[in-house]
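Quick one: the structure is below, questions incoming.
Chain IDs A, B and C follow the sequence of writing; residue 1 opens each chain.
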Amino acid sequence: MNPFDLLRAAVCATPGIRCDTWYLFVDPAIVRFFGEGLGETLKLSVASVLLSFVVGLLFALGRLSTRPWIRWPSILYIETIRALPVLLLIVYFGIKGTALFRPIMTPIFGEDFELSRFWAGVLGLSLYTSAVLAEIIRAGITALPKGQTEAASALGLSYVGSMRFVVLPQALRLMVPAMMGQLTTVIKDTSLVATIGVFELVRQGRVIYTQFFNPLEVFLYIAVIYFVICFALSQASRRLELRAPVEARIKIEEVQLRDQVA
Amino acid sequence: MPIIEFHDVHKWFGPLHVLNGIDLKVDEGEVVVVIGPSGSGKSTLIRTIDRLEPIQRGSLVVDGMPVHDPKADVNALRRRVGMVFQQFNLFPHLTAVENIMLAPRKVKGLNAAASRKRAQELLAKVGIPEKADQLPVRLSGGQQQRVAIARALAMDPKIMLFDEPTSALDAEMIREVLDVMRQLAQEGMTMVVVTHEIGFAREASDRVVFMDAGRIIEDSPTGEFFAGAREERARQFLSKVIHH
Amino acid sequence: MPDLGVRASVCARGGRKDLTMPGAIMFEFPDLFFTGLFLTVQLSVLGSIGALAAGTLIALFRISPIPPLRWVGVAYVEFFRNTPLLVQLFFLFLGLGALGFRFWTTDTFESIFRAGAAGMALYHGAYVAEVIRGGLLGVDKGQIEAARSLGLSYVQTLRYVQLPQTFRATIPPLGNIGIALIKNTSLASTIGVAELLQAAEIVESRTFRTEEAFGAVVLLYLVLTIPASLGVNWLERRLLVAR
């Protein structure tokens, strides 16, 4: 026997390592099964990021507003949500989502309206991510030199006009790397939606390991899939980041650290 | 018996030949001032003595230790050689006295009481005993540099190296640092000083070494050097810095 | 085994409308809520200590002059930051459990708790490592030269000159990681640690008083995270002034 076979024999003789199930991870049907999970993971991520961006933009502008009755509720929303675990929000929407949305949705979908688990997950993720994106967007806007807004209003542009045509286009460009960084966080966080029964990657993994009793292999396999996607994205985000002006980079980074970890 | 001996020392930074065939001997108790235009390699020269810069060719022996040998015990060498930097480089999280005590305690294994006593003596010697418990941010540049000198002296070095010690100081603080250096020279410390302070070189040094483009152009006793440098480049340099 | 099925089955259930003082339900089920709070705090403290230790070690690896150590450091940071904490927890608990590794205890609950704490430490350690590495590299090169010129060794220079300054400069970002860690301890509920979130879920499934149960836990999390983030902000301002 050559050294490789010896090693393999030793590894496979270890109780808990299930070499007999390794074929699963290249079996076309199983790969397709995981692929469906990955598809769900990506759909969850994209839907959450889009929804969060719209809501986050509103709250960022709200927090920057000079009117206290807009500013304070925005601050309260952002700070409270950021102080809570995402999983808590997801689980809550998992349990209560349908009841919460029935009053709004019955006129459209009828009495049988039920919030799907997918959308409950998206809501939980977005509630949290929107607060984070609001802070990133706010940091991006405040990172712009003050002269920009002043020049815009000197040209006769209204507040909305200067935001729309001068400030936001520049600020959003500054934020692209931070947004991509947050996307990797959201992708990681979609794994939490497994707990409310959405068949994304982790949940598909559970189906496999409860059938074949090989959790070690399954979670390694899943970890590698997440790693490939998140690593590629975070590298791309880092590369883009290096092109941004140092000032803006630092400001956005400060905001982000806490939320990227979550 | 020279305590520092360079023999045909070469060093390159990439394509740049920063030290080009250096031959130099410094005897025990001698004070040697190295002058020259910026980029002439004088800082690199002094830094090789403490092996902050490795050399690529030739031999360099300091106090009997072959510094050019990669296997030389560099920490043992550095215990015997004190170095003072242009930017002082005090440790900002430690007070003046703690800056001075650190190496004696951690390298020599002295106890806290003994090293504190010694540090206080050294602070008195450099003229700022009252600053013992101040953090570096609370000290002026001149005071910081004097603490840095005391810190180097705390290891009882046989050689002291000064790399442009007054270049980062305002005019009124230069004097207080040079006074301390002068005193050290009088006490017989072996010193190699890179400086633009021609006055210090004239009064306190035994020899002046003039460098340009990585070479030693002139190496003469101080009196002779100022009476009339032999080399044209050194004369030109001198006339510039003196009339400046 | 983490029972992912429980929550799915209660997905579409409605709740009762009770109007009581927010958080009052805590005192009806003190064993669940306060034990949960205690476990959350325990996980946070142990996780933070572990993350600081792991992070410091990995940061030292990352700036080491020895290439293989640097590779290990990079691999660690990239792997743990680019995979979900949930997957890491399942791997530690179920994966290592399959190998018969139970974190040196025969007690099931203790073993789950230790897996949770280890997960917190390993995952957040990767973020801590990057912060500390930045701090170490931020120490002026001249100071390192000064220390070496005094005869301090590489390790002594790290220990007495670089690290003490690093910890000061990195307190605010480390504080932010700490806050994230407190929140992330909620993930330990998925492997069966009866911390705060799980307390809420158990009470909810027994009483169907969803708002109250979750409201109580929201309050308890805020009690932990808001003072922590005010503290971090305060420290940040103080350190800025002190500089």
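The working rule: contacts are C-beta pairs under 8 Å (C-beta built on N, C-alpha and C of every residue); 3 or more make two chains touch, one makes a residue touch a chain.
These numbers were taken from a predicted model, which means no experiment stands behind them.
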What are the chains that chain B and chain C both touch?
none
Chain at the geometric heart of the assembly (C-alpha centres):
C
Pair of chains with maximal C-beta contact number
A-C
Chain B to chain C, mean C-alpha position gap in Å, rounds to 49
Counting in whole Å, what is the centre-to-centre distance of chain A and chain C, each centre being its mean C-alpha position?
19
Report the inter-centroid distance (CA atoms only) between chain A and chain B in whole Å.
57
So which stretches of chain C touch two or more other chains?
none
Along chain C, where are the residues that touch chain B in the complex?
140, 142-143, 145-153, 156, 160-161, 164-165, 168
Given the complex with chain A, which residues does chain C contribute to the contact?
4-5, 7-8, 10-15, 78-79, 81-88, 90-91, 94-100, 124, 127, 131, 173, 176-177, 179-181, 183-187, 189-190, 197, 200-201, 204, 210-211, 214, 217-218, 221-222, 225-226, 229
Under the definition above, what is the set of chain A residues touching chain C in their complex?
14-18, 79-80, 83-88, 91-92, 94-99, 114, 117, 120, 184, 188-189, 191-192, 194-197, 202-203, 206, 209, 213-216, 219-220, 222-223, 226-227, 230-231, 234, 257-262
Within their complex, state which residues of chain B touch chain C.
50, 52, 75-76, 78-79, 81-83, 85, 87, 89-93, 102-103, 106-107, 148, 151-152, 155
